[in-house]
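Sharing a structure below in structure tokens format, with a few things to ask.
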């Protein structure tokens, strides 16, 4: 299971990387969203899957699955949500001011 | 510690039936010709599938652990409430955004009500916000 | 008592939130933010004294002992940086009062600055690697908001690039964290160090350390500095100064911390790589600093050179070079803030961004012109200003390590720094003025005084280097001997 | 072209009620089963989002005339404040404490400072999510 | 203590002058400034007897003791010479400048810089600590820069200032490295402590590099070939400055340093070779180029270069005395150093006088171009006198002090020729030959000064203003110098006894007992090779001067763009355009490129090391089982992810992203993470709503028009990155050496009173993270608010584009 | 035995999901895709119920309910977007 999950994560990372390398702002933002999916899965997978019970003491008996990565991922999810919201707004504000959603035309002037 | 094996088995069977229903709806979603018909498959039969399997799970928990799960019941209620509304809204959106009916459909009476100023089926010329590409792949 | 350790983080956050409620009371906002920074300076001085007296301080949040809970660890190195960061922020705030404008002030400028400094301070002091990530994010989010604050075209454009590149960096950070937790099974930095030492830093761990190198190099602008010139040249002057002084330094701090505390076993891989990267960084920075006539570009590439210079000290990692790095880091924070403020003021005064379109500023603003001269001298590492102590020590470290080519590049870079600013000085500050007396834009005292204060700081830091030496020596001792840090964290 | 959302609005009234109940439940159950401040807050926020989706900004605003930024700020203040409170009691920062209090109806219950902390988290999440969504939907003007 | 006062005093006065403002303008500020060098001179003069008796004076103030950097002053014979020169010439220059500069100039600045320089220069010669010496050294560069650019509205001034600053500071930096190396070898920055450790360090591998680096500093400062190019341009400074800094004092700092460090490095033959050769080349090149100059000041500048070369070569020759074993004979070579010191003083006197003379001419006539001058003798007889005395002394004619030192110089080169050092004796002969040729050129340009400027047809019609003799006060300083020029000829041995001898002792502490260390100077010592050489110089020089027009053409053989100056200009402008090209080539402003760099670096550092080190390991042993439906779901996610790349509509992409989100949620469920699943779900939907909200304001994305090569490189990068993450993750999975700390949290119910472990971690164990995370969220919310509400004003101060 | 049946139903459900994914990719119209997404959500809901039976835990029952809520919200948002472009209006007319 872990191996397959990691292969899946690899593909997600590749896809996201490809999107990030593109020119359109929305594509890039989507890329970052997929990147965060990938890394959340990665943290969980590396911590070991299906190795224990749900980490609820009243619900299940020991052994429990590793709860720490879950807490970390939760934090990471919220942070990446915050950042995504910010970037999205930034993107449409840029479109409002520069009338472009293409990085090619958002290069800025050449300096001398 | 099965409290009530019959109930438990009923639950499992309900789930199985539910999954079969869902395959049926999947079949529908492939085979049916246009969005309006496909949404039948998606909302009606798949809602039924969910209801069945949730009921099954509810029964199972009840029978197996003696656990009367209000949350599942709530969930059932919820799906019951929302699925038709969702279906309604999406079909309305589809119609208003000018998705064509499948060929061979009968009368389209609503068309004259909604787009009185237009001739027949110039579909994608709607209000400006949604552009044509939205409905393309 | 130990709760004092968290104050540099929590005080600005709480005050920042209070300021949100006081959106339209600008005077109150100014006063409160000023008081906050002053109290931070006071707190960090108290902390420094405490550390000298009784060793490294530690605060376990919620009372959960390391390695299970999160701890803040205050050693001399961290607190020195907190102190300097607070001073620089204070001064930039004073500058902002007269320059930033009411629109910014009502748009939560002060809360954002306070949040950013909280993130910076947190990153300096945290002893937990995941908490470092979170502190980074606090700092970054605030910096995202600050860089885009103002909403003009160029600002938004550059901030998008800045944000996206940092998102990428944060992603790498998370990946590295995943690997780290997967291998070492802990998050406390001292505990990480113990575990790495226990099993030896094998190839896989070194790979992970390289991943951290990528992350922190991005934040520090070491080799991967592409985001820096663009994004540092768009925000308002006070913000740019804060960025130039603080943001890359956090990355540098993290690099130094990581590669002296945890991954110090394979210097032939990691440190050599850092050394090479800093050489390339310096060269690229030098090229950039003389490539453009746009003032903010000149300044931004100067930041790049500074980064390379500091991290050379880490690359060779001898006692004296690390000590030099600490000195230089402190110097760089102050001098870069000053440079940014001066350049921003020049641009505001003339309405031009290119220095070859300015001339003769010294005629109307003599003191200002001399302040530029001072910062130029200081950055070139000419005594008695602050740059020279660090420069000497790093030089010493490079000689000890027998990396003479690196040495040559490092020291030649200070000539290039001098040249890049000298031509600005000769063109823009000296020369014939085209503005007749009476027509010049007035230079507000509120903008001159902060620059003057920074000049005093750079002089004080250089001339009074002895005053800091015991702190710096203590900081170096902790860096060089990870056991001291580990003991302070894991004991009890 | 007239639109009307009668069906949506009617259903929403019921659904929002269910979601709100759910949110409160999630918030309080967090210590023993999945849930907690974050999730409670997020669910609460999604309920509000649903209201906005169905009824538009103005109507919702009449019912909830809050500035959600301020709510978020209060939340952060609460969260950091509980941390700070422990400093005042001479404990390490963010030390959580619990006292048993007797409630009239529910009976003996533990009242923990964690609850305050989580309430802060919830308020922040709700405040921030709603602020973001409201601002974006008004952003074009 | 007193010496510290002498160093601090100028700084103090500079500070006072810079703040007294214009209330004081009734009196010329120069008078105020004049007090400083006079006081310093008196202080030093009072110390002469003590120093002459062989008691060096030293005192230490601690500065940065932890780094061994202390403000230690050390006054011995050598520094005494320089101290006297600095304060003595300084007094005269200040006096001269009071009448030279009009009160319309910004005198405050001028005297402030001048005093800064004076203090710095005193600091250089009196400091024992190398780091303090370096500090003052750079300060002299800085103040020299300020003085050159005094008329900063003139472009040439600025260019000259920049050049001098760059060259001298570069030298200073290399010298600093040399000092650091010395410190590494000896663990001390004190010159005297280092001298005591010579035996230990001369075999050290850093010894030679340190030496070369320090010499580089000395050569740049003393305008030695090929670094001399800054000196002619420095003549843009006001003439008093040229007289003071660029002939009498600052340029001699390099010579001071070489002399001061001779005890350390002199034992190395390389030192002798470098110093002497560079000195001789400079001597020749300077004198050779001086002849072709048409600007009097430039001529003097090149002559200064050449004279500095002369002194430098003499110091170098003198160092042979260290290299040879200690024998009575070796004393003879020290005479070169003696000559150097003597000429140092002489040069200051006559060159100072000459510069002041040029200043007067410039001041009165309005030009310094010898093509426009002539016949000034009748109009300006007093100035002419100064010119004659100075020039003849420079040319080495009796009865002026230049004659004495020129003789000593010839003697020294002749000694060196006989020295049995050279494997090829023919090299040895070069020394006197070069010296002689250079002297001929020296003679020629001295004649040019006298004849072209002052004799010959008056060319006054070319000059705008009516010309008359300079006012008397302006002539006081040059006359005092001229008197010294003459009196030194007649009483050289007084100087020798009180000034030169202590200096020699401090340069050659080992040879102090030897009698011959300070020879008696005689104007006439019979017919010997030296005097014959002098006569030949006069003869050949006169002939060549007469035929000047015939051979001036040789200067034209030299292509102008091959000169060192052109090299400097090309390097500066070339480096600017090159760096512009290079930097623009990679700083494209395109996010794609930046991301590309980052990924490539990731691949090349992490990836290459990972494979090279063989860190990869893989095993499926610990893998959990996998069910059929899980396969299918993995397939669903793969399919969804890959098809995102190809969809043509952004809504489809967001829907597919939603599918991914659902998939992730399901995996969270499978992997027993209920809290995560909940959070993921809500966040996913809110994000989708955000996307949809923002899409309202954004255009539909257009199809990417990427070239095939971009597509290929993008694919390669992304596949490599993905693969790298996969292989490292697999290796990490296989790494199982440590127990996770999370066992501790399973006791959550007892520790923190919660049954949901994840929740207790979030709320309690790692509550701090959560607190900060809330802050992050809050900042983001506030940031979004400001982003939307804060719009740039239309037509506001937006400088860009 | 029950377990095998449950796994069989899981497989059947996942087949539904893959079919719906096919519909999302194929389209042809945007509402098609939204309907399919909604269907994936609802199907996932059933799957989670089954999984929680298999894992013998009640921890995921909340997830079921939330999933129901959110796929509803998502669908509404999509349909409003497709219909009007702007999903949250200042004033809702009725």
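Think of it as A, B, C, D, E and F in the order they're written, each chain with its own count starting at 1.
The working rule: a residue touches a chain if its C-beta (ideal position, glycine included) is under 8 Å from a C-beta of that chain, and two chains touch if they have at least 3 such contacts.
The structure presented is a predicted model; accordingly, all values stated were derived computationally and were not measured.
In terms of the stated touch criterion, the partners common to chain A and chain D are C, E, F, listed by label. Of the two chain pairs considered here, E-F and B-D, the higher C-beta contact count falls to E-F. When you average the Cα atoms of each chain and compare centres, the chain farthest from chain B turns out to be E. Here the chain at the heart of the shown protein, by mean C-alpha position, is C.
Centre to centre, using the average C-alpha position, chain C and chain F are separated by 48 Å. Rounded to whole angstrom units, the spacing between the C-alpha centres of chain C and chain E is 26. Annotation: 56 Å between the Cα-based centres of chain B and chain C. Counting partners per residue, chain E has 580, 584, 589, 591, 595, 647, 649, 651-652, 670, 672, 674-675, 677-679, 682-683, 685-686, 689-690, 693-694, 696-697, 725, 729, 732-733, 740-742, 745, 755-756, 758, 762, 764, 766-770, 773, 775-785, 787-789, 792, 800-801 as the residues that reach two or more other chains. Contact with two or more other chains is made by residues 10, 13, 15, 25, 27, 30, 34, 36, 52, 55, 57-60, 62-63, 65-66, 69-73, 76-78, 80, 82-88 of chain F. In chain A, the positions touching at least two other chains are 20, 25, 28, 42, 46-47, 53-54, 56, 58-59, 68-69, 74-75, 78-79, 82-83, 85-86, 88-93, 96-97, 103, 106, 108, 111-112. Taken together, the chain F residues at the contact with chain E in this complex read 7, 10-11, 13-15, 17-18, 21, 24-25, 27, 30, 33-34, 36-37, 40-41, 44, 47-48, 51-52, 55, 57, 59-60, 62-63, 66-67, 70-71, 73-74, 77-78, 81-82, 85-88. The touching residues of chain D, when paired with chain E in their complex, are 26, 30-39, 42-43, 45-46, 49, 69, 72-73, 75-76, 79-80, 83, 93-94, 96, 98, 110, 112, 114, 117-118, 120-121, 124-125, 127-129, 131-133, 135-140.
By the touch criterion stated above, chain C contacts chain E in their complex at residues 13, 17, 20, 61-62, 64, 67-70, 103-104, 107-108, 111-112, 115, 118, 122, 130-131, 134-135, 137-138, 141-142, 144-145, 148-155, 160-161, 164-165, 168-169, 172, 175, 178-179, 181-188, 191, 195, 199, 202-204, 206-208, 210-211, 213-214, 217-218, 223-224, 226-227, 229-230, 269, 273, 284, 286-288, 290-292, 347, 351-353, 360, 362, 377, 380-384, 388-389, 391-393, 395-396, 399-400, 404, 407, 411-412, 414-415, 418-419, 422-423, 426-427, 430-432, 465-466, 469-470, 473.
Considering their complex, residues 2-6, 8-9, 15, 18-19, 22, 26, 33-35, 43, 46, 49-50, 52-59, 133-134, 137-138 of chain D touch chain F. Contact residues on chain E toward chain C in their complex (touch as defined above): 62-67, 131, 134-135, 138-139, 142, 149, 152-153, 158, 161-162, 165-166, 169-170, 173-174, 176-177, 180-181, 183-184, 206, 209, 575-576, 578-580, 582-584, 586-587, 589, 591, 593-595, 597-598, 601-602, 605-606, 609-610, 613-615, 617, 725, 728-729, 731-733, 735, 737-742, 744-745, 764-769, 772-773, 775-776, 778-780, 782-783, 785-787, 789-792, 796-801.
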